[in-house]
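Quick one: structure below, then a few questions.
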């Protein structure tokens, strides 16, 4: 964050990094096929036999259905003679795509220099595409198979889900979720806001119902059961010191941390001291989760840099 | 930090892994199952946490494929099904003898999060009438006589948040006693420890545990050790070490300056 | 009545198996020994759509523990799988397809397994089962029939979850009782929250230095509990700021939160008796997007350098950036959130942090709203009950392991067993004393 | 009408689920209610998208600051939807070649796949990866051991950070006597995670669980009407 550290030294650091970056780019362009994606075509052909059942065939005839799909040739197998033999060809759409994703990654990285238009553009784009993508998934994965297929089975079967059995017919019960969805969309209308409250109430009622069961069963009752440990553990060799110490410490820590969260007893005297011990154990818990969180974040950055160095600049064998 | 992470990547440094108890627990939970038992893998993460969780997901897939378990894939996050596709590509490329429909099957993403889990613990077909290729469940050999996931011998859940491991423990592991194993992000791992061992057989926390799990698979099945794709997490441990040491140095220096200024302030 | 008919089935069934095994015709190829004691029972506590099938492993099954290690299992006979077959004996009125009416294979279980749940049965129909062992060469052992047929029955109440229902009623009763108390005007005492002095001190310092106060109510929407709690704390901060005459800045991440925040601050300034110094445009909406919002807020912090930064509400990964910038400009920072993953960052970088429920307790303490105080007290008593059960359980567990009483029927062991398996487990009421569980309950 | 009916719906829906969990007879109703819930969740997704478009459209029409970026968001949103819903570039399913629309909408090589692979994956993962930088700058500037609690936290964080990498093992390799081996950072980390962390998290989990019971109960008893909005 380019806060008020002297502008000069900050710009200097970034200048150096850009120069190194440019050198790496040029060097990689010359030595290897930077950011190029090669593909090999794969033919699919189907002929219809007597009763219209299609099966794959190697010798396509005029009336058959044919199309070609493409498989990416991994960098390790991409040798010169594969290219010369003409079998592999450069796929422009995927190469442009790879370069675009590398450029977008650098756009977001530029946020370190400061909040600049490149970052805002990349961010606006990701907000748009991911929202659109999620809606497409919602349509094809849930709306069509779980709702439309129940209401208009024959139509859906002939259109996009040939595998389903369309014998069910029009199932009346599924009218209700369909109506609820339409009512939900009323919230977008400026006037009809209150209509959307019916499905929202249904939503919140169901969430309250199953969440209460889930939390009481798994987080309350089961945790108390897991908390019951004997404070005097005897292994085959008689009294065992370490497991007993661990059990006592576990119990003391759990009870004192719970006492810290008591609000109807004043934290004075004995209760005050136990609460103090409780807060210490909570601090150890937070320290542990701090360490784990940091570890996670760094792995994400490492993965992205692997993408930049591997898939794009081919410095390291891309996974 | 940028340099601290990129230099080890370029230098391709790899460190030996010491397998910790948690990684062992997870490894045993999968390895002790008789070959060909039914395993439900739910990938509840998205490309944002792919850096941390994909090596774990791939390691789970390889381990189950070696053991010949019947793998049922599903996803509770909208961007999760492409992650399942990556695992299926791994199976098709590295274990060609496994057949779709007999050894592994993929279900589509369904909205509803925890409500999907509650649904499939009682009635699988209520949620998934077809698999992702559009074939009805009754025509697929491995799902023909599976009524709900109580018939599963193990649930493996790779999760990056909500809905994730906590929901699988609350709505599948605790009420129905299905053994569950989880791989989750560093942010979540500490919150899953109280569930071990009664409700959760083991937890893999962040990339370090993924590297340990990969090491455990390499020791048990040496044939996998030379497959570069199976060393993904180990390769990512190099930058972890340098970055962690940098973090410690930064905290120490920061606090040292803080104490100096406070002492000068008081003196 | 239930126990008696189960025993009848067991006795009758073992007779037939015994009879079958009695005259093993020396089959030409080596046939594995059949499994024995096939018991079939309706799964308790279900909607009558599953049946539990249980048998003892056959003698030629390597996993069979009863095998004395001297008895060498002939390699040709080693059992690979068990095949379970089913026949519908009475379709309870509806017509039965002929395929179901005859023996039909329903499942194949690996060696070493002695239990299987058949979930494809219909309510009210009655079924006959038989199981046989199959070795690697595919030779089948003689059938072991369960003579009595079984009819899956729907139980009215899922007994295994009886105690869970009691727990929910108990916790629900605590909370409902205290909410009613609070609504009927009864004053419920809540201890002072240490974090609130830290807020007053921070506001005081800001007024001395004449610099504004920054308040961020989290990045969640108005329907989240943490945002509502954050707004309650905002009303207290705004009231103190109005009394001291300090300026308060509230950037928000959702337009609904902005509207609610304006109402809260205006009411607070009114209560403090300085309605004219209330400036609505200090409370403004930036953007919905997480990182753009935090970039805007840190930009403001660097320009205006507020003396006190207060973060109360639901935060995600951006908590780190806010706390770091606040620390950099030397402001007093007080934070409060119930997000377990963000608490470490706030605790490490802020002067004071309200942790989890302490944050909700502070908002209940401030608002005095009967709903919040009632549920707070209800939760307290729920916690008290949990601690009590925990201590009793640990007491029994320790006494048993200390006295090393191995006989499992002592009162202590029975009590512990009852607490762990019945009260906290899923075995329903079961029978107390002596830790014996009846036939249905599995001794988990 | 505007408030009482939704209130009744919420209470009835909640209790149907509670009863379905305890009385097998009502299990069927619980399943149907949940199936509707999951279908309704798609509606909520469409609503989210709708709100996003409404927000950015207002920004563009009002020509407010940064409307150019809102335009980009809207164009990308509708572009993705059109490409996705029209299954552009998707070949039919190999099992049913005669059904044109039966292909997998995210088949590699299709339009939606291209958007996913080259726009969504790099951008979302890089946005999260940025946090690694903030953690570093914060470690230097923000994390001060001001009081005993913060010191305890930072010391534990240090041990866990080192313990979770090879450094923890390497630092203590040579000189640590066998009996003291548990003190080695990675064993210490495992101990920290299994005893103090489990206890602290268990207390917090029980606290949160009671909080959820309170909030859910207030909705089920109709006491808490905030979700109905003010009017």
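Per-chain numbering from 1; labels A, B, C and D assigned in written order.
The rule we apply is simple: contacts are C-beta pairs under 8 Å (C-beta built on N, C-alpha and C of every residue); 3 or more make two chains touch, one makes a residue touch a chain.
Every value quoted in this text rests on a predicted model; they were computed, and no experiment measured them.
S.K.: Which neighbours does chain A have in common with chain C?
M.R.: For chain A paired with chain C, the chains in contact with each are B, D, in label order.
S.K.: Would you mind telling me which chain pair, C-D or A-B, is linked by more contacting C-beta pairs?
M.R.: A-B
S.K.: How far is the middle of chain B from the middle of chain C, if each middle is the mean of its Cα atoms, in Å?
M.R.: That gives a centre separation of 21 Å.
S.K.: Whole-Å distance, chain A centre to chain B centre, using C-alpha means?
M.R.: Distance between chain centres, rounded to whole Å: 12 Å.
S.K.: Roughly how far is chain B from chain D, going centre to centre by Cα mean, in whole Å?
M.R.: It comes to 16 Å between the two C-alpha centres.
S.K.: Where in chain C do residues touch two or more other chains at once?
M.R.: Each of 164, 168, 171, 291, 321, 328, 340-341, 344-345, 347-348, 356-357, 376, 383, 386 in chain C touches at least two other chains.
S.K.: Which residue numbers or ranges of chain A touch two or more of the other chains?
M.R.: 1, 111-112, 120, 123, 127, 130, 133-134, 137-138, 140, 142, 146, 161-163, 206, 210-213, 215-217, 219-220, 222-227, 251, 254, 258, 261, 282-283, 285-290, 292-295, 297-298, 300-301, 303-304
S.K.: So which bits of chain D are touching at least two other chains?
M.R.: In chain D, the residues touching two or more other chains are 18, 21, 27, 34-35, 37-39, 41-42, 44-45, 93, 95-96, 102, 108, 116, 120-121, 124-125, 127-135, 137, 139, 141-144, 149-150, 153-154, 157-158, 161, 164, 193-194, 197-198, 201-202, 204-208, 210, 213, 215, 217, 227.
S.K.: Once you draw an edge for every pair of touching chains, what topology comes out, line, ring, star, complete or other?
M.R.: complete
S.K.: Using the touch definition up top, name the residues of chain C that touch chain B in the complex.
M.R.: Against chain B, the touching part of chain C is residues 106-107, 110, 112, 117, 119-120, 340-341, 426, 444.
S.K.: Per the contact definition, I'd like the list of chain A residues that touch chain C in the complex.
M.R.: 1, 3-4, 111, 115, 120, 123, 127, 212-213, 216-217, 220-222, 224-225, 227-234, 251, 254-255, 258-259, 261-267, 282-283, 286-287, 289-290, 293
S.K.: Using the touch definition from the top, list the residues of chain B that touch chain C in their complex.
M.R.: On the chain B side, the touching residues are 34, 36-37, 145, 147-148, 150-151, 175, 177, 187-188, 191.
S.K.: Residue numbers of chain B touching chain A in their complex, please.
M.R.: 1-2, 5-6, 9-10, 12, 48-52, 54, 78-79, 81, 108-111, 114-115, 118, 127, 129-130, 133-136, 139, 167, 169-171, 173-175, 185-187, 189-191, 194-195, 198-199, 205-208, 228-229, 232, 235-236, 239-240, 243-244, 247
S.K.: Could you please specify the touching residues of chain D with respect to chain C in the complex?
M.R.: 18, 21-25, 27-28, 55, 127-128, 130-131, 134-135, 137-138, 141-144, 146, 149-150, 153-154, 157, 201, 204, 206-208, 210-211, 213-215, 217-218, 221, 223-224, 226-227
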